[in-house]
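Here you go, one structure.
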Amino acid sequence: MTLLPLSSIIIEPLVRGALLEDLGRAGDLTTDAIIPVDRLATTVLTARQPGVVAGLQLAALAFRLIEPAIEVTTHCRDGSAVSPGQALATISGPARGVLTAERTALNFLCRLSGIATATASVVEAIHGQKARIVCTRKTTPGLRAIEKYAVRAGGGANHRFGLDDAVLIKDNHVAIAGGIQTAIARARAGVGHLVRIEVEVDTLDQLEQALECNIDAVLLDNMTTSELTRAVTMVAGRAITEASGRVTPTTAPSIAATGVDLISIGWLTHSAPILDVGLDFKAQV
Amino acid sequence: MTLLPLSSIIIEPLVRGALLEDLGRAGDLTTDAIIPVDRLATTVLTARQPGVVAGLQLAALAFRLIEPAIEVTTHCRDGSAVSPGQALATISGPARGVLTAERTALNFLCRLSGIATATASVVEAIHGQKARIVCTRKTTPGLRAIEKYAVRAGGGANHRFGLDDAVLIKDNHVAIAGGIQTAIARARAGVGHLVRIEVEVDTLDQLEQALECNIDAVLLDNMTTSELTRAVTMVAGRAITEASGRVTPTTAPSIAATGVDLISIGWLTHSAPILDVGLDFKAQV
Amino acid sequence: MTLLPLSSIIIEPLVRGALLEDLGRAGDLTTDAIIPVDRLATTVLTARQPGVVAGLQLAALAFRLIEPAIEVTTHCRDGSAVSPGQALATISGPARGVLTAERTALNFLCRLSGIATATASVVEAIHGQKARIVCTRKTTPGLRAIEKYAVRAGGGANHRFGLDDAVLIKDNHVAIAGGIQTAIARARAGVGHLVRIEVEVDTLDQLEQALECNIDAVLLDNMTTSELTRAVTMVAGRAITEASGRVTPTTAPSIAATGVDLISIGWLTHSAPILDVGLDFKAQV
Amino acid sequence: MTLLPLSSIIIEPLVRGALLEDLGRAGDLTTDAIIPVDRLATTVLTARQPGVVAGLQLAALAFRLIEPAIEVTTHCRDGSAVSPGQALATISGPARGVLTAERTALNFLCRLSGIATATASVVEAIHGQKARIVCTRKTTPGLRAIEKYAVRAGGGANHRFGLDDAVLIKDNHVAIAGGIQTAIARARAGVGHLVRIEVEVDTLDQLEQALECNIDAVLLDNMTTSELTRAVTMVAGRAITEASGRVTPTTAPSIAATGVDLISIGWLTHSAPILDVGLDFKAQV
Amino acid sequence: MTLLPLSSIIIEPLVRGALLEDLGRAGDLTTDAIIPVDRLATTVLTARQPGVVAGLQLAALAFRLIEPAIEVTTHCRDGSAVSPGQALATISGPARGVLTAERTALNFLCRLSGIATATASVVEAIHGQKARIVCTRKTTPGLRAIEKYAVRAGGGANHRFGLDDAVLIKDNHVAIAGGIQTAIARARAGVGHLVRIEVEVDTLDQLEQALECNIDAVLLDNMTTSELTRAVTMVAGRAITEASGRVTPTTAPSIAATGVDLISIGWLTHSAPILDVGLDFKAQV
Amino acid sequence: MTLLPLSSIIIEPLVRGALLEDLGRAGDLTTDAIIPVDRLATTVLTARQPGVVAGLQLAALAFRLIEPAIEVTTHCRDGSAVSPGQALATISGPARGVLTAERTALNFLCRLSGIATATASVVEAIHGQKARIVCTRKTTPGLRAIEKYAVRAGGGANHRFGLDDAVLIKDNHVAIAGGIQTAIARARAGVGHLVRIEVEVDTLDQLEQALECNIDAVLLDNMTTSELTRAVTMVAGRAITEASGRVTPTTAPSIAATGVDLISIGWLTHSAPILDVGLDFKAQV
């Protein structure tokens, strides 16, 4: 899947906000007191674990927003697999700015790379199957756009970005509507022609009802692999099939083997550990 | 440690921003199309794993900002240990609002409870030792105040909130300054009387130099437990001692046994998995 | 089509911003100087032209944000056809607040009702045909969500809300990509399973190429009605068909008669005149 | 009248907000997926109708905020009369940025040029008379500053920018105050020496009362041309005279012939159709 | 002069911003740690110096934004003269909220009351003369609207609120334009009928030139009282006369005696000391 | 004390906000109407009084935000003592931008220099004593960070920046807690290891109790010099001693002579008059 970029105009407020959160009212007391204003430094963002990188653009922006004189040269691209010790980017310029922005840059880079790495590990686990790994709306408040980008950097695909860009009818919607078909009919009457409709089903009987309504996709929630296999057969290409429910890298291959189109995993964005990246100082002038 | 509360005026922008991020431009298409405007629902925030709760105030605010008619009754407090199936809060009111705010409320609650749970597990691991568990600045961009709160809810304590509320002299500051004592002297000349000064030392020799300068705290970075033990003896109460460097629940007890005052763990905020909490629908009217 | 509501949390910043724009730095000099603080007034929002109403919620919010003591009682709903002289809502409370918020309330209400009225007139013109009237991204900067709502209030449907919720491949994308099928292939490789793909075609030859790629919708741009008729036949239900290009109420029926699914009209949001609504003072106490 | 410029610091937030509204969370899916990052394009903003241009600065800013490498060369100035096919500006640079910003740039440019064109048509209609055409506070929420600028570009003049920069005593103020002279006296006691006072009068009797109070301007609302003629005679230069009430290009000349100083028209900003301007692609590299 | 009120919608962002500035990231550590959440307190805002009060509305809002359960009862109005020990308002409710908001409330109240007091002292000094005391644009960045309100509370009047609500031609404008009359002509050609034009003159010769142009007001800058007297005679009611230039309460009476209409004093807003007001605790429950 | 700098990312929103406050909706009417767009000017920020400068960076930013083509060359640094007539900075570039930004630049520079000057006068008054002059939280709402910077520029030091960066237990906290030692114990149980604890004491008996708790600092409030002398003796270096209570340059020396470490003065930020600085035009091209 092509890795669509992040727009600078979207990420700048995030990076600016994170810097201001760290600077507080008085700024970087330690650095401003100790480091001479004209001291330069050359440093390298270096991977300390194997993984997949995401967020270099945000890290670079953190340095440049604090100090426009800092130059950032990247040595790999988001989506690259990296090894421990591998240099990701060189950051050169006034030492004060480098030190002040360091933590913010790393907080973005390590978190997004952690998501990309987790995604890549599941993508790798199902290599050769047609299923694609997708994320959910279980993202960090405020960071959805960049976390979904990190999933793409790891080789995954994106589900809904929010409540407004697709219909996803869940069990509670069905319960209140009094039935799947009523729920689907109401959804169809409320949205435009470019909005896809997906329905969560817990049983094959519900699946049958949903299919009668020509929906775009079905979310097969917490089904066993044998149920999934039967579901895929029933759907027979009439809708996109998505399996969900506590998928892990271990269980992913057998789920993929059922023939589903998508496997969605909340864990990628809500619980993936960071990828450890550090900033090594190479030289001070 | 007393659990100091979060100010409503601080958290409201965070919750409002997260809701708007999820609503996008068109709002909750699914719910608005399917659920009648006058339908009521009673639901329960329910733990699905054992852990420690944090963030009930943010979850409640998510529901009320979307729909002021929603009533939230909490059944436990932040910092409580909970069991799978335990009810944390009852959410009653217009079903549309409950469904629309559900994911945002859970995204806050699950993440913060995950941090509290991780913290509590390390706190429990060193039970009986004097050492306290503290977090770092390795927090999610934009969420520092509430993540540090979650650490407190888990029984931990807080380190710096930012670059401006204490001095922490790190290895690169020392290297550029040309020595620990020069760095400390410059820091002291730059900050007010209410700002504490902590110095990172990698060796006992550096520790000796730092102690000669009457600093408030020393960060003993990546030392072995035997080095830590010697460091604590050298310090002899003249400064707060903090051990850091890839601490895990497994290694924490032996580190605590060295007699250090604080053990700092970045993992609590950058890599703790969420605590699984769900919203169960009890009745629709 | 069901009229999905506007979320209060989305429209409040718009109304607040409009009020502050009008108040400037010193507020309503005229009203504050002339009207006693304890004077009450009862007023009625009254249609002065026939049309379809949209924006009552925003008008009501304008009054209540300026003065929470103002009570607003609506006498019809958004989407209602109204006659000259018909009362839309009664606004009662402190006269100062009513006078200060009047222009902002009317600016929203008249503009949105104008869009709804224009939409309804075209919808009426093609009554009995299956085609639906849709809007475009040619909206007023900052007001897209509410202008698209007004189109729905007038009986129309919505096209994309932005660049991120569907793919619409236009002539320039095709030209740069070097062909329709290349463009479609690249788009498909870049977006998730819930994103629909629509392609603009200017000729039936292009249409043929697009249909080979299983796209979701085709935008038939500036075609004659005979071309449209042939296009609909060619598509044969394999994609949604959308006609566009300077549609007017006069030309809409013949376009609809070609059998297209959608007729998109930029004019609804970029050039519709307002619906004249006034605020009549009934009594001052 | 000199066309005073728009300050960049004022318009940047408007253009930035409009771009973010269009980009949403995921940005321009179509362009990012299809157009190579290094593709360049040269395009021309071209009038498709005769009219008067306004908003070139905002259009240029839209392109440059998305992509600073884009160069914009204008071929005419705001306020110029243009013919169909006339080139207004050349936009060159990375094709992605050009395509992504196109709609936002046009939304500003077409709307403001529409207002300028409408204004110019009325100004032309009363050519040779002393009366000046002025706008009202019936502007689009959030766009008042730039819409009033567009009126100036069309040869018109501006009325109040808000509730705080002049006093305009309307019929309801008079009714509540219990008389025109009381209302004027209260207003005068409440505002500073640089604030002008204008009074709306519906009858010549009210005009007489207002003139006794030495007010700066009178708004002659919905009067016939014979009433206006008498009013101008009564005023005899003692105040600025402004005619208002559903003025059209057709009725404007006879109103101007009464000798009034100003003719105010809400229609210029609330109902003027856009001027059609398109972006023509000349070459891709 | 009537004291026009401040709109709540304008001042709320100021008060909210000031509270957040004081709370920082972690909130009121001292109060939250020490004061039980259910403790109530009754306190009184009490003048400690004689003066004139301004800003009670902002002080009350500070308490209520932190804690909606706090009740504020005012015992006097803005613009009242108060004596040392006089109770201005009673603040009752949760002790935590009272203590947390105390400093922000007082920072607004003391500063604005200081401005009102300074203004009142000059107004008193020229009692019996027709001249009015006006402020300038030399205000605290961000606080212009409320500082100009405080001047009104002290019995003064307001000059321009900004660069956009009146024309004030200063010496440098004249120098660059190449003459007073050229400058006035250009200004007149650029602004609408509701914008007044004032010209700064340093000599009686300049005054003569300005008067020939029918300007609205003249700013007589740094003139001696004998020059002012001659200037007033020359103007003979054809324009508003304003004296400026390092006016003090001591020099104000002789300036007022020259017959000028206005005396403008930057000192009121840029250098007036605060009025000391404290918060006395009466009882804790 | 080293003068730590202000971060650009922190001050830019303040300067931008102040410029927008002054520009309002329509911008600088006078300058835009009178000054040709291509006119250049060279001007000099010039002290008109003796004092200490602070805020040159904000003044420079005001000019550059309005007009990036303006060049600012500073001739001294913040913290420098200056004489009347001394040139502080040269501002060259488009005359429109210089005139439009002039007042905002001066409002920042004069206010901050006033604070620096006031601070320097008290610092000078106690020259030779070990005591340092510190400011309080009695700052202008919204300007705390830059006002505290100005105190540092004048040779003073900073107290707390807000409620969250240190504990300061005041009389009301003690009263509600029921005693100094209870209050201290609660505070200690609530805050982290990098937060210092200071206690306000009114009597030597309270001081005795506080010292038993090993607090970091004591605020000796409104004590006589003989009480202060005894307090310093009692403390004997076990805590930082701070004297407060209506200190003036006249009383400061005798207070400093008591041997206290710090003397805090609210007056520096709440009531210091500005330092008069003007903008002299040298040449127009």
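When the chains are written out, they are named A, B, C, D, E and F in that same order, and each has its own residue count from 1.
As a working rule, a contact is a pair of C-beta atoms (placed from the backbone, for glycine too) under 8 Å apart; a residue touches a chain by one contact, two chains touch by 3 or more.
Nothing here was measured: the structure is a model prediction, and the numbers come from that model.
Trainee: Spell out the chains that contact chain C while also contacting chain F.
Mentor: A, B, D, E
Trainee: Listed by label, which chains are in contact with chain A and with chain C?
Mentor: In this structure, the chains that contact chain C and also chain A are B, D, E, F.
Trainee: On a CA-centroid basis, which chain has its centre farthest from chain E's?
Mentor: For chain E, the chain whose C-alpha mean is farthest off is A.
Trainee: Same or different for chain D and chain F, where same means more than half of the interface numbers show up on both copies?
Mentor: different
Trainee: Report the inter-centroid distance (CA atoms only) between chain C and chain D in whole Å.
Mentor: Result: the chain centres lie 22 Å from each other.
Trainee: Between chain C and chain E, what is the separation of their C-alpha centroids in Å?
Mentor: Each chain's C-alpha centroid was found; their separation is 44 Å.
Trainee: Which residue numbers or ranges of chain E touch two or more of the other chains?
Mentor: 2, 4, 21, 23-29, 32-33, 100, 144, 158, 161-162, 164-166, 186, 189-191, 195
Trainee: What is the shape of the graph in which nodes denote protein chains and edges denote touching chain pairs (line, ring, star, complete, other)?
Mentor: The chain contacts form a complete graph, every chain touching every other.
Trainee: With touch defined as at the start, can you tell me which chain D residues reach chain B in the complex?
Mentor: 21, 24-25
Trainee: Under the definition above, what is the set of chain B residues touching chain F in their complex?
Mentor: Against chain F, chain B makes touches at 1-2, 4, 132, 134, 157-161, 164-166, 186, 189-196, 198, 216-217, 240, 242, 261-262.
Trainee: Show which residues of chain D lie in contact with chain F when the two form their complex.
Mentor: Residue list for chain D touching chain F: 2, 4-7, 9-10, 144-145, 148, 158, 161-162, 165.
Trainee: Which stretch or stretches of chain E touch chain B in the complex?
Mentor: For chain E paired with chain B, touching residues are 16, 19-20, 23-29, 32-33, 37, 65-66, 100.
Trainee: Can you tell me which positions in chain C touch chain D when the two form their complex?
Mentor: Contacts found on chain C: 14-15, 17-18, 21-36, 39, 41, 95, 99-100, 103-104, 106-108, 110-111, 114, 137-144, 161-170, 172-173, 175-177, 183, 186-187, 189-191, 195, 267, 270-274, 281, 284.
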